[in-house]
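Next come the structures, one after another.
The two complexes that follow have chain A in common; it is paired with chain B in the first and with chain C in the second.
Up next is the complex of A and B:
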């Protein structure tokens, strides 16, 4: 335990680095004079301020702090940043309302933002600054059922508000009551969206059963519908509707048997993915002329071993690869597929968790990148081979070692110097490396890596107050 | 033997931006700077020649620009370039790509390289003329959009393949020394090693003035350029139309539009 420091040391280290991303990472664990210093650093350069306001990784507390800025472009970027917290959005709305945004329209973005508080959305509706803003709210899942109902009440007053029906129909917060209103006055597209909605009431599903519109039928077939309705839909001319029947968990064996003869390979592909297929159906689909049907059978977890064995000789290499990837594939088949003349198939064997060490040792002698990447990823690969692969000139192979949960500290250590910044970034969270090892990442030439490292130490500081 | 690689630090835009007061460019705070993508490939091509050669080859990178350009030059040093040169003088501001070619040619006359590589184009301005104008000022042969290069250091000629329209390649034998503009995909550019980055941080960047290369302020800048930027602006939106409706409706309308275009 050589490294043992306090939050202040980490914050001081970030301050002395002069790097705005380092300071952003530790802002959450700073206080008092140090926090003020960090704020001054962030606000000193407009370029950095603008970048932090739109950066996807900027911590929430920093975005909150940035909402103090009076720069209209910083404000705009904050309104567009999906991570900006509710409190900051409220502050920005108030500033915009007072005219501080200097003509830059923030309200539409605040109305769209998923973190905007429902109360604020209600205020925006009442201020009513125009159709686009109200429409943004109708699409926002943060708007509750009550607000959406209010927007729907605009529609009978003016034709232009009819667009709300379509957006509310797709809004996950729409209530059953709202969906009923929309369905009754909607066109086929709107009705289809209502039927697809998770909150669609049973009453509307019953109504849709007699609907002849194909868009409605396509959505209806994915819902829990009565068996007689499914039987009718299985006869439908539209392939997508029949695909829906083939995928529906409630579809009975009698209908599955019927769909086996379907002329569309798309329907048969859906059947091949089912987890309730009977052995006779699987044996029939394994001989399908469409290679994707056979591929889905080869991937299916319920496929019997004797079928997997037949498919391991399939003419299509993607089918053989699917056999090798199947979690039920026995070692004896993996041994055979490890000698396949197609590298893509051997690669699947290398990635397969059931592949024994001796098979991986053999595959490690290959030069193919896909095969070696699989060996590097596999938890059964011996540490000595992982150490060799960690030094590979191919970044995909080295990444395999980084992703391998069994790669030990000594194996991973050389990868802290990997030329590809993303690899170094991935090591920041690796539990096999300790804080001592990760300290060097705080000095990394890439700002993304430095930020991740400082964030990791700051997170550690929040949870334990010491680095161990 | 020496290869001179001309590189540029290019600017990219980050979503919303403000125009400069003179309306001739974007306000600098909104620009993100990085090494031009094409230049990564031309540097790698030079490095490949250096690393596969029995004779000693010096790879020198050169750029025209203010101090911020040092960051891009260091990136090249980290990848293995032996030296880096930056040419700057306030009077260079406003120069067009032809004048930049004149400056690069002046550097080449001073450095006396056996080959000059440049990117086909820069991602921000896309004139595709800097490399070619450099060749013109040097009075050297040139080849543009080079997708493959076979060159033995010291040879009096090289064989190149140029990328043409329709997937065609044109094989050309070119006399050396020559200026080649290198196309993306000619090789797989390396990442700089951490060791390389640390070493590059300690290496000097040679800052040279116009006088050092025999030019005067009268030879550069907007006044000496054959073209000048009058204004930069976003044109008013015209024919674009958002497809409205539910997702199913949008898809149906999209299919209808495609069918109409196909005449179906």
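Up next is the complex of A and C:
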């Protein structure tokens, strides 16, 4: 059956289905009489109205339309829905003054909402309906540096307002000025949060260098740029601080050499992840008694091939798997690891993009679900094998075929009838299937699938105005 | 002086990690410095495991050469029976696994030993050995003691004890395999999904990762954290679909329901309906997500709006000290 072209056809189809989710999906492409009809359908069933107000997939235009509702429960759900747009939140704030008992509760959620406009947050601060509302703003990244500074000005007079310090210290919008205020009067935990902040000024980092508190040192070590400070921190008795030195990109080779002898395996694990290790260091770490150190070496993208070869015989199967997952792993090692006695290692070979077709054909003969899922996912797997796997009784394997970007239309077609709704849902966006193929999904027994299908057609309508 | 006997478990020429957890449990059962931990390894290539078993906490490794490479219930039962009669251990620790299910109960019954399965705490309370295991579908903890028993056989739950670190040089001895008529033989080795992985429906502490993890290398970071914290690492569907964790670790409608879980730490899991179907019953759910609107917060007992990598770093810092 050929798909008809116009948006009206799709909207009429949604209206005639009587399904509120189908309606929601096409609302954005409707207008005039049809849009009014859709609104009436949505508002006629309170239960569906409540569900749409809190549903994570409800389109923005529908959430905007729902903000016309005076139902306090719908309003509350809209304020809590992270997708609700700014204009709707402003409208809801204004309406919350109309004597509803849920006003304060609504305002708290609006103050928390990341789509709330900065201007509205400023008004909420000035109205000041209580500590909880102000605290919600202090945690909101939409609040700008100026608003956060204003909140901090409450603190000195009243102990209870000190809660703002901690939340502002972790708010990404906090300015250097605000952070300085907090650092000067904060406890060690708050100071540590300030040091970790992306906007922390250099001045505070310098101050922290002489701080002996371990919480501050742990954060400082991640941002430290001075080699003498790093050298001092490398001697620190706290393992986490030394781990920080081992992870710091600026740590020089001389310190790396020193940390190689660290008694803590945690420090050596951090070193093994570095991308600037020298070959001698890599060769030393590949023999470490801690299997995690060897694993990180096996995963490291700079590890030489001869080291990968040694690690491909490691006694720990997770290390061998790490070799198979390494993007640099050569085909010759993948061939050997494809015969590993551990299925989890073979599974890594099946998922590896570098695995050639002949290996995948062999692995497809296995019965292990992880191996077969990898084969189903791999872009080098021949279409004939994908077609067999699409008929597997294991849903995980069939899903692997759906996720394979190289699975062709003929391979995917039987999966449109898959018993698991999630699989049909995933096919809605698949570019290998055409609009004609997807039309049947508009009649799917599952509402999620129907909604996704209608949304897909509505999106197509918005972008091209024709479906065929 | 008393002896604690540990039976090493191996499969497909690889020692199973639970063996090292058993050694750790055995260390905790030493009542005096004179007490010894002996580890017996049985198989046709038993000697090949000696180096790996030479770890802290082991005083003696006993090599028992048998005719078959892998597990055989009759051989293990007969060998263990001979070892108990010869060495008089006070406690025998076996992994709680499909292997020990095949011979542990029979052995304990035949030798009139005390017996407890799926033990996750083993300790002395005064002079009394007490084993703790779950009861009533893991809803209560049951303490079991063994009055009058000179030897107690316990099967230990995987993941309950943290392995000890460091190498050692234990005494290595040979123990002769007793005469045994085996009634079974290995026909074929069929591996379950995830490589004989842990059964997540039976574990109590789960750390779970979702899409927020970003890329595969980060999975290893959280696997490391979970291991250090004593949790079992699980995941939501996209992680298993990407092949980053075995399908056997997937929680939810497409995966498994974590029936015995008491603490579930969800890292970067948004909380799709499908995922929550497998874990929403857990009494204590801790959710970490940067999105304050993530659905997972609707069922979490404790919610942390934060970057999972910051929390991971902080937990690592706490656990490293």
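We adopt the following convention: the second predicted complex is superposed on the first by the 460 of 468 C-alpha atoms of A that agree within 3 Å, B and C clash if a C-alpha of one lies under 4 Å from a C-alpha of the other, contacts with A are read in each partner's own complex, and residues count from 1 in each chain.
Just so it is clear, contacts are C-beta pairs under 8 Å (C-beta built on N, C-alpha and C of every residue); 3 or more make two chains touch, one makes a residue touch a chain.
The structure displayed is predicted, hence computed values, not measured ones.
Residue contacts after overlaying the shared chain place A:292 against chain C, while chain B stays out of touching range. Of the two partner chains placed around the shared chain by superposition, chain B is the only one that A:50 touches, whereas chain C remains out of contact.
Look at A:367: by the touch rule set out above, it reaches chain C but stays clear of chain B. Once the two complexes are laid over each other on the shared chain, residue contacts for A:190 go to chain B alone; chain C is not touched.
Of the two partner chains placed around the shared chain by superposition, chain C is the only one that A:344 touches, whereas chain B remains out of contact. By the document's definition of touching, of the two partners only chain B reaches A:169; chain C does not. Within the superposed three-chain model, A:80 lies in touch with chain B and with chain C [touch as defined at top]. In the superposed three-chain model, the partner touching more residues of chain A is C, compared with the other of chain B and chain C.
Residues 80, 170, 218, 395, 420 of chain A contact both chain B in one complex and chain C in the other. Chain A meets chain C in the complex at residues 56, 80-83, 112, 114, 139, 170, 196, 218, 238-240, 243, 264-266, 269, 289-290, 292, 295-296, 299, 315, 317, 322, 325, 341-345, 347-348, 350-351, 367-370, 373-374, 377, 395-396, 399-400, 403, 420, 422. Residues of chain A touching chain B in their complex: 46-47, 50-51, 54, 73, 76-77, 80, 163, 166, 169-170, 189-190, 192-193, 215, 218-219, 395, 417, 419-421, 444-445. Those residues of chain B lying in contact with chain A across their complex are 14-18, 28-30, 32, 190-197, 244-249, 252. For chain C in complex with chain A, the residues that touch the partner chain are 12-15, 52, 165-167, 190-191, 193-195, 197, 216-217, 220, 224, 240-243, 246-247, 253-254, 274, 291-293, 295, 305-306, 310, 316-317, 320-321.
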